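In what follows, chain A forms one complex with chain B and a second complex with chain C.
On to the complex of A and B.
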């Protein structure tokens, strides 16, 4: 298998138990590798796009707008402005003579047309090169139209997705602190780093309501400009997803003294731990909050556990591989699979930090492969080597798994079932069960080779029956 | 209403594209390059471009899509991408071992002015390109043209780099299939085969992007035109380019470079365009059309005669690429449907005049705009409703808001399958299109019919 790993990437792959843990990461991708990573613009766009009543204008050639047009399934309970694709569609003459005038016209026409609460204007590679004064145009239009017009410095080449998250955070931070905060409860939070895929933020909001905690702004999922403006009135920031919004939380801590908690809503322990941490934070203001939280967790678990057991029975001993964007998600997934009685044979991320990988190393079993910024060839060779039953990844990983005859679960933006919260754990178990136990794999050539003789005979009969 | 911000009043927009009916050049170049056997497309620019194109193609085909990137950083954007590309070429040939690396540029590398042939020569001088392997390139700035232009340019690069003339004509013809699906490419080859014609098709993404489940992951699948075959195109008897925009430049380049006469036709969608394609094959090679093809044509005609009352007078709104829209509009008009609104994101005055010519006898004025976008199309529909929409998956917003059935065709299709396996070209492809159109129209009629006029037999 070693020949599928670039020599330069050897220290970005670690096999637990073989040698002392040491891993290189946060490294630029090797030129020529079929990397699964994206760019700065992508990072900014995915974080900001679920602010549903803001105008999102992409200043660049058409592609940047097209490839990010409503592909994430971040749901809205109201406005749907974010489902449009707006682009200045830069042409050759704009590249030669500059695109500022075009941007100005596009912005003013759009604001007149749809009257948004705020506008985010995204910079792309080309804008960084031709040197358009994006900030200048935004200031001018903001002044003329009287709404916040915020430049997002997301030139694609200025790093990877993480740099894009940072640019998005800086953009959002410009809105924070500009709205009224008089009706905000002392028990209040903002939800950061959840994108409301499949309506997940609504699950988390409901838990918080039952605990008696007010949600001021669900910033990056089903988000609203006005909520963001008064987000500084919340007592606490809840930060999910390791990379995307931690910078915003830090900025808010520094300027407004709002502490933050790193939470995860995925998996039983992490979900419960997160709620307890929140209750712990508020227990001095409201001594009953912990009781309410315990009751909530108890209710949910008594509902969940018996049903989860059924799935566990079937899934015990099966093997999983994980390759996701951020490492924080990988932590929760490792624990969630353990709950289902499954082992994790491979875990990796596009953008993990050294700390992240250290933690992964601690929570995984010996023999687990840990990998940073991987590519299809590596991934497919690991999947085969470890003979896994399910691969958890994103859009580019799915067909690789299917071609190999391995089950798949999208834990990225193409998930169709809510995977967060206690109910999400059940959905996750269902999804894992559905794909791991699917009869379809019995027909795939690779799996057939692993089946015992008698099973193989059965399959042969089935195939023959189908062919006849 | 998802697109509730769409107004009926149409105001002039001078600087703004809303809900585009196009995308950028590089993805077209990447798609074309995947149609060369053993080729790894390479995006010379930021990582994001390559990730986006791979994701978009993966969603559309539900297949692994391999491509490498120069992974530009801030340094490369200031000092040029030479070091990145040379290193990339070295890494790719060392680890992935493709036959060909097909480099396309991006807006970033174009604007900083990277000279790809010079960089390739440097890589060659440094011994980074193994014997018998190739690096080809095409310039595809994203701010010029569209994905169709990118496809056309990469296809032309195949001629520029590979076509040779040994002086001895070979009994074969070249077919450039246009920016169509792998299924369509297969169907075009099948038609030629039935007529007994030896064909070199390029690019050819069949068996690349519509692969069977094999239990294996092949970085370089079985399909694609081989470099050997591409080299022989200079000695073919003739070239047929299907689709003026997508295939024209390569067909003409082959004529100029190797004196291979070319005929540029519309995509063979519907009767008339397929007739012209079949007839061109017949005339070029002096052969007769076999019964089996006449039979397929007859079946297509049979569907139209059986069901013509349901086609009659239906108003259709279309979005897509020019080559498709021209042939499709002609097909729709020939079965008595009326395309009333047509947009493409790819510009071209000739396109608009061609559509006007095809629709001149329609009782409606046909709205046509190139370049236009889906926002404009939606506005037109609000002013003059249509009975049917045809276009890519993004049309489903309009379909839902206006409650109009949608037949999916074009790129991208993100929510249905079929396009990789079942063609829309040729007579058989025409039958599939009619089936889809009828399903959409008749399902709607069934859904909307009051109980007293709900029909069993239709």
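On to the complex of A and C.
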């Protein structure tokens, strides 16, 4: 184990109970360590991507645009411009002579062709080096075409994903405050930090509707430019995935005096707590809101609990590992696994803050490994050491789990299954059950190594029973 | 997708400046794939962290295997003062943790633009850290220049293969009677089959790259830091002693050819052949093996060939006269065009996202014997161009990567998934399309795709077609 962890990374790994809690985080990834992190551009791209009626033009060589083309399950109820990939596809001559002219022509042509409500122009590594005046070109095109054309300062090397989140928030903030705000209810919110993967924001919106709360802007799942423009008319900002959108919430609080609440729609407690917090906020304006919320939670839970119980019966005592992008998901997942009677043996994130890790330390059991900015060698050794039954992560984590014969649940942007809301908890339980209880693991070398000959015989009988 | 519906087709004089829905990836990705095919190798991108992570995700989604790509993880200060120190630190860290046999360093747009002299930095590294290198068994370090703004993943792939040969090959013989085979970017299953063929002719194959195990490995009890398999470095070092080099790729330019280096430097004769898809291109490959070994094609393959011809006859009416659109890497498209032509399907449009100077000539060479009207052939295009050109052709089927699915869906025609990336189907690493056996798989798949389309569209619900 010790051999697997770089000396430089020792302070980014903590084993609860073995030493006083202290963790280093938010630092640059170590060269050669095969971090699971991406870059600044990635951070901006994930946040802005679900704005469905905007042009998203990546100014740079083709890679950055092609690797982010329609890879996320951010659904739209209308326009689908976000599902295309537009790039200036810079060539050697552009690098030598500058890419401003190409960017100008690409932008004007595309705006004429696809008629977007706004354009986001993403800067990439190379643009930061060759010194194109992105803002200047954007201003010019904005003036000519009459739509907002917003530069996103997302040069890949200028920090990590969090810097990209911040750049995206600054870009969106340019739109906020430019639209009309009449007809907005005093019971109104913006949903920040939900990307409508597998239609999740629609689940949350439906709950809010039942509570009598109006949603002004989805930021950014199933997002619309015009909604963002009038987002300053909302009474409250709901911030999930705090890493990605809290900067926008803070900017809106400062300029427009809109308070924000940190929420999470994953898992039973967090979902219910979030709804109660929202009701609490509006209770002075509408004394009935809390009653409606209680009724909603009661209805949902009475449907969910009996079904959840079935899964819990099978999953009780199984072990889970979690490695996700943002730490907020990890909090909810730790609690969600507890609901299923499972323990969490490893929890980590790519971009957690000191506060995040403190919270993780508080909610986890002794012996749990907590890790920041991990890599395949560490993750694989933790999975083996802890002998877990399921690993929750994204595409890059999946083959590590599968190769070792460990179940897997995709909790990243590629997923096609809604995991938010009360129904999401049920979907999550189903997915965990489907992978953990699959009969395939008994054939994998890792499990076979633990089985004695006689147990293998039992397995053969079991298989026969299944087949019959 | 249909935003242009009401507007006239663009003319050649006013091409769109932007690339919409690209039909290519960037050069460093191709280099990483090539490096993945060397035994004990870790691909290493000299650039910012995002490149490595994005490419890993993209490649993993296709192969469904762990794909570790290291990065020098450059930050802002490195971009200003140079990435050398981080490159060296990264190399040391990879050596220390991976116990690798080779580190394949590919550059990115960032490091090419800030002016890092990567070959010099690698050389410096070898001098400065000679003891540390020795401590870790002296792993080879191969470097290749792959700025993302020049060429595509296809160029990155070939450049890396060429760099490996250029920097490692010698005439130190380890195994006798070897044949060098440069297959290009083909599937792990196809790679396994190519090795089998060469073996059956009594030769020892040195296939570069060999991703047959590294990107399609067995389940493991212990996590392998670097998956087993890949071309052994000793075999690469012995490439200068082979009896022949066979290199697939009618579109390959001389400057991109790895076999040319072996011919120039070690007098290893080189045969440049088309990627063996279909009967005729496979015949050419088998004839080349017959010629070099003075052996007849083993009965096993004669039988495969016989069955293939038999099936061409059995299935010809299902596909005869159908119109297809093919897109993907130039050499795969050429092979598919050759194959489709010989089974009576018209490749109406042959398209590639890469820039390729020989693409047009190669398509003509493999189709003109049979085809009455030449195909439309386009290189350096995106899916917007492909859609615009293909729409008026009313094609019956599409052949290419997952990324054409939206077109197939729009036109309600089958998409036969081939090439890279395949992100919406299972088993991409096991797709066979080379040789008689692979062509057989492909033929069956295509005929069935056409049958299914007919069946699905019929109101009758035939159970017998």
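As a convention for this text, the second predicted complex is superposed on the first by the 452 of 468 C-alpha atoms of A that agree within 3 Å, B and C clash if a C-alpha of one lies under 4 Å from a C-alpha of the other, contacts with A are read in each partner's own complex, and residues count from 1 in each chain.
In this text, a residue touches a chain if its C-beta (ideal position, glycine included) is under 8 Å from a C-beta of that chain, and two chains touch if they have at least 3 such contacts.
For clarity, every value in this text was computed on a predicted model and none was experimentally measured.
Undergrad: Mind checking the superposed model to see whether chain B and chain C fit together on chain A or clash?
TA: Superposition result for chain B and chain C: clash.
Undergrad: Name the contact category of A:91: first (chain B only), second (chain C only), both, or neither.
TA: It touches chain B and chain C both.
Undergrad: For A:400, select first, second, both or neither according to whether it touches chain B, chain C, the two together, or no partner.
TA: The answer is both, since A:400 touches chain B and chain C.
Undergrad: Please indicate which partner A:390 is in contact with in the superposed arrangement: first for chain B, second for chain C, both, or neither.
TA: neither
Undergrad: Which chain A residues come up in both lists, the one for chain B and the one for chain C?
TA: 4, 6, 28-42, 60-63, 65-69, 71, 80, 84-92, 94-95, 102, 105-106, 109-110, 113-114, 124-126, 128-130, 156-160, 376-377, 380, 395-396, 398-400, 402-405, 444-446, 448
Undergrad: Once bound in the complex, which stretches of chain B touch chain A?
TA: Listed in rising order, the residues of chain B that touch chain A are 1-5, 7, 11, 13-20, 22-24, 26-27, 40, 42, 45-56, 58-59, 62-74, 76-77, 84-85, 87-92, 94-96, 106-108, 111-112, 141-144, 146, 211, 213-217, 219, 345, 375, 394, 397, 414.
Undergrad: Could you pull out which chain C residues touch chain A in their complex?
TA: Listed in rising order, the residues are 1, 3-4, 7, 16-22, 24-26, 28-29, 44, 47-58, 60-61, 64-76, 78-79, 86-87, 89-94, 96-98, 108-110, 113-114, 147-150, 152, 217, 219-225, 403, 423.
Undergrad: Flag every residue of chain A that touches chain B in the complex, lowest number first.
TA: Chain A reaches chain B through residues 3-4, 6, 8, 28-42, 60-63, 65-69, 71, 80-81, 83-92, 94-95, 101-103, 105-106, 109-110, 113-114, 124-126, 128-130, 156-160, 376-377, 380, 395-396, 398-400, 402-405, 444-448.
Undergrad: State the interface residues of chain A toward chain C in the complex, per the touch definition above.
TA: 4, 6, 28-42, 57, 60-69, 71, 80, 84-92, 94-95, 102, 105-106, 109-110, 113-115, 124-126, 128-130, 156-160, 376-377, 380-381, 383-384, 394-396, 398-400, 402-405, 443-446, 448-449
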